[in-house]
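Attaching a single structure in structure tokens format; questions to follow.
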Amino acid sequence: MNVVIRNTPRAPREAVEGLAAFGVATVHEAQGRTGLLAPNLRPIYAGARIVGSAVTVSVAPCDNWMIHVAVEQCAAGDILVVAPTSYSDAGYFGELLASSLHARGVRGLVIDAGVRDVRELTEMGFPVWSKAVYAQGTVKETLGSVNVPVVCGGALIHPGDVIVADDDGVCVVPRRAAAGLVAQCAAREEKEAMVRARLKAGELGLDIYGMRARLAERGLVYRDAAADE
Amino acid sequence: MNVVIRNTPRAPREAVEGLAAFGVATVHEAQGRTGLLAPNLRPIYAGARIVGSAVTVSVAPCDNWMIHVAVEQCAAGDILVVAPTSYSDAGYFGELLASSLHARGVRGLVIDAGVRDVRELTEMGFPVWSKAVYAQGTVKETLGSVNVPVVCGGALIHPGDVIVADDDGVCVVPRRAAAGLVAQCAAREEKEAMVRARLKAGELGLDIYGMRARLAERGLVYRDAAADE
Amino acid sequence: MNVVIRNTPRAPREAVEGLAAFGVATVHEAQGRTGLLAPNLRPIYAGARIVGSAVTVSVAPCDNWMIHVAVEQCAAGDILVVAPTSYSDAGYFGELLASSLHARGVRGLVIDAGVRDVRELTEMGFPVWSKAVYAQGTVKETLGSVNVPVVCGGALIHPGDVIVADDDGVCVVPRRAAAGLVAQCAAREEKEAMVRARLKAGELGLDIYGMRARLAERGLVYRDAAADE
Amino acid sequence: MNVVIRNTPRAPREAVEGLAAFGVATVHEAQGRTGLLAPNLRPIYAGARIVGSAVTVSVAPCDNWMIHVAVEQCAAGDILVVAPTSYSDAGYFGELLASSLHARGVRGLVIDAGVRDVRELTEMGFPVWSKAVYAQGTVKETLGSVNVPVVCGGALIHPGDVIVADDDGVCVVPRRAAAGLVAQCAAREEKEAMVRARLKAGELGLDIYGMRARLAERGLVYRDAAADE
Amino acid sequence: MNVVIRNTPRAPREAVEGLAAFGVATVHEAQGRTGLLAPNLRPIYAGARIVGSAVTVSVAPCDNWMIHVAVEQCAAGDILVVAPTSYSDAGYFGELLASSLHARGVRGLVIDAGVRDVRELTEMGFPVWSKAVYAQGTVKETLGSVNVPVVCGGALIHPGDVIVADDDGVCVVPRRAAAGLVAQCAAREEKEAMVRARLKAGELGLDIYGMRARLAERGLVYRDAAADE
Amino acid sequence: MNVVIRNTPRAPREAVEGLAAFGVATVHEAQGRTGLLAPNLRPIYAGARIVGSAVTVSVAPCDNWMIHVAVEQCAAGDILVVAPTSYSDAGYFGELLASSLHARGVRGLVIDAGVRDVRELTEMGFPVWSKAVYAQGTVKETLGSVNVPVVCGGALIHPGDVIVADDDGVCVVPRRAAAGLVAQCAAREEKEAMVRARLKAGELGLDIYGMRARLAERGLVYRDAAADE
């Protein structure tokens, strides 16, 4: 029942690197507003933006044994995704595990629990998205699994899915959808660049998007403030 | 029922600029400990301090259509105040809307919901106080209203009220009270400056405020630690 | 019933300074995974690390009177620890009280409630761990006690206990245990340094900690990803 | 600044009694999906349904003095609405205050804080909607106001507004809107009765509401489960 | 992209009815401590216990359109499982939808959001597990999907999976695992019955489970209370 | 370090039975508004009221091993008090452990975590105050301690302290204070009975408590509603 899956397929390298040009909001919109993890997963420091392939870990509550097991399954360009089987904010992860992952070229961690040693992680430049910072130690007593599908931050993540994370949070892209999504993100960004230029020049979204007719049709009323207001 | 009020009166410019010299804590105290929004509205980056006139927006949950409508009603020196009609942490607001507001001289956003593109908003220097950072997109399907009274962060805000926001949170000053409040804030600051100087010189608040008698009267007991403690 | 205990014993200076070399996570582990305060007590700015002796204050909800009383009991090297007798996120503490403590050489504040003036506290370099930033003022009407045992962040703290606080949170060390803990922390750090070097060189925790046999004994299964996955 | 407004107008008796026939959900829908208080205000026992005129109380945090003042302003058919000026879950209200209100014909309490003596309140049949049950006592030190507008559960409530409360929560109806709303509620209920009958007979909402065309137009696809699924 | 899957396979009827003999805790344990939904999904009334096949619905936030679509896909013995694509506590579901489901023999609802009309649902005996009771209405503007995999209460649920719900919460059993699980549940219950009898007779779990040796081996120390304690 | 203290002293039987006549609110007030546990510890069913001597258990997160150990230390009239060393809402306790405690005459459980089998516990009449109902299983891997001081629901509890629990929550009375508190509770109840009678007869608290002068002195203003309001 507890299993470590080795050599799980990743998304094509060019798809992963292609997505690296875009932020979480763009990727989420481009794939039809899906894939976001819950907003309580926050970066431990501002400014990090990473894209990589998920190595998933299902851990027992307050037990980080399987993270040690998962390290061996990580390759350069991966992102570790850790989900306890029930709620926990304990500190499953700190500077030693980060050193080990860093040495393997892993790009960061997404964990639906707590982390510790955030000063050291920040100095090391190892980015983490977690729901708590908490020094509470964990034990190594109960097995879990590596590279099985997990629910993390309320989103379903398969091993090899692409993870995009930045200051806005975390988004998951199904492995087979990654390649196709790059062009959609680029198209979206291009369209936004045009709109941005017009907005900066003082045009209104109401006009650029042609919203006025639909607003009127729905019955929106404009009125001047009363004289005595 | 859904209405956009145009040309709502603002507080006098000199009242607004007068309040710009004071922080949220001072303004809140000076107006009798009223006007604070809930503490879960936090700035997306540290160090911003803004004062301006509220343009209010009542939006449907997970629907940001009316924010686009509200942009047109904003003038230089305003602050946009957005309140959904029921709880939501979705990302109603991002960099494109900020570009549009920025072009009009709007000073910032206070939103009882989520925002996204926080890296871009930070780079742009467009400050936001929100209760979440979340990339979750919204729709444009349901009308709301602009420049009607709204409850935001548990506080009642009328269009044209003065909003003061800094690292401590957000405070609202009723439009007609703004002018009178400036002097009270200044008086308070002056008094605090005197106290501060004495405290830094090592005097005790107990003596400066003359608290000892009342403490004794209430029965406070002083005792040395037991020898064996 | 309401009492101020004067001249409470502190931990030996060399024990306090000895612990100053270690972070919260290390201290927590070294004393058998005990002593952590709840993770919702967060620093108001990143990067502070302090160690000192607790002066404890039990305050009535939304009433900061006893903090003024406690200042007088504080000496250089102390850390003020404030716990309301029921839940509150009001702003019990701001820049004036910090000025007073700073003048006495107090190293920081741990408060199971809110603080305000965080910009000024940050500029002053007076670190605070709190569960909220909130400008909400408090009153001075109800007595409490100083230097009695308090529960703060879910942890029991006696006056004179050693407080260790950094970006990971806050940990309390019983006064009499402090001296003995220094060596244990040092031993732990030394061991970690060795492990860290090996991990950075690419060795696996699985091998360094000798985990493989126990994992197999527990029944962990390794399997290659299916061809069609 | 602290004021007790006497003899505030209530909604017409027949409007209040007219609304008594309807539940919170109906009233909320009939007035355009407005007026709901936050869902964390829950009844202390199941099955109560009350309608009455609001007597509002703004209290200091952890201070119930003004509730005692408000009792005198309550008449038969009123509902007491209590809102602290900042977050508190203390037990502002218990069986003694309920006895006093009960003797005056007050129908219940809505409080954005805590209550206690819930067993006695339940036996007495005095319904309360609160956000906590908590025995924590409060003080009587700081003034507040009675019959001023308050924000309670995130909703703006004026004295004399009609409060509707049942197992679904609490809804406020502006005083002057109450009379007009009765007919709209009745119309809504009548329409629902018809739909209910058809649904119970096995008809589908898809057909009763004529949704199929719009679903198809939006592009909804129907597909049979794959053979191997 | 938005799809309704028809005629999804259910678990064998005898597997579903077999599981009906067991509670959530037993089922969760028997399948290796997996399958629980988050504990904030609570029943709207005490005492209900249901087992059935999941019809899943992915809805847009604050939009219940697809629940109307899903009704048609429900058959007798099913349980409706509704998950918004982002956080919402709005009242997606009330007495009319329940009437329709009830007429089709649906056994209950599990929803990672709010419901309303709880008094009517209780009278009707239609059980619901939800994370909020809230009258807040929803719109019918945005498509979603029916009978696709959803994450509900943090658990992955496929259409046709077996849902077990009682006062302890909700558990999901993968469709193909249901038949095999019945025997494991029965075995577990049988073993528990034996233990229960011995415990009621006054035997200790320490002895029944043979824990004393392992406790001693781990170093647990027994000591009498000090005379002066 | 992990220890089981045997034969801890309890409060005198007549003190415990004396307190059994009073509710949580009365006891809390009578001992100077101290001793309450946090309000998120709620009873699993309404109407239970128990008083007894605490047997305390400090457990590792998600590990209920020490509860089994604690059973042996429980005698008739005791109440089990369980506190994990870090946050957990897992289901540490269910019907089997309750059967064992019930057989020994234990009166109930207070746990700063989750429980399961609430239907069975309700049928058995074994009352529990917990912060969650959750079927999530726990492990038996890590030692803890029995009859050491614990922090539970934010309150410090020593073994042998008296626990009072009812629908209002849970209160702890220090062992040595219990005997003296009975008379204070009785005095308080007597005084309240007199006030209650006068309130029911229509007198106002304002008059009974003589509050009018102090209100006027503080500056409370009475004003009639404006004619046009």
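As written, the chains take the letters A, B, C, D, E and F, and residue 1 is the first residue of each chain.
Please note the rule applied: contacts are C-beta pairs under 8 Å (C-beta built on N, C-alpha and C of every residue); 3 or more make two chains touch, one makes a residue touch a chain.
In this text, all values refer to a predicted model and were calculated from it rather than measured experimentally.
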Option in D-E, C-D or A-C whose residue-number contact pairs overlap A-F by over half: C-D
Same or different residue numbers at the chain E/chain F copy interface, by half rule: different
CA centroid of chain A to CA centroid of chain B, Å: 30
Chain A and chain D, separation of their C-alpha mean positions in angstrom: 39
Chain centre separation in whole Å, for chain E relative to chain B (CA means): 42
Shared interface positions of chain D, touching two or more other chains: 33, 36, 39, 86-87, 89, 134, 136
Pairs of chains found to touch, sorted by chain label: A-B, A-C, A-E, A-F, B-C, B-D, B-E, C-D, C-F, D-E, D-F, E-F
Interface residues, chain C side, partner chain A - complex: 23-25, 28-29, 33, 36, 39, 42, 46-47, 49, 166-169, 171, 192, 195-196, 199-202, 204-206, 209, 211, 215, 218-225, 229
Touch list for chain A against partner chain F, complex: 60-63, 86-90, 134, 136, 139, 141-142
Sites on chain A touched by chain C in the complex: 2-9, 45, 65, 68-69, 71-72, 89, 91, 94-97, 99-100, 102-104, 114, 116-119, 122, 132-137, 140, 143, 147, 159
Complex interface listing, chain E residues touching chain A: 1, 32-34, 36, 38-39, 85-87, 149, 151, 154-156
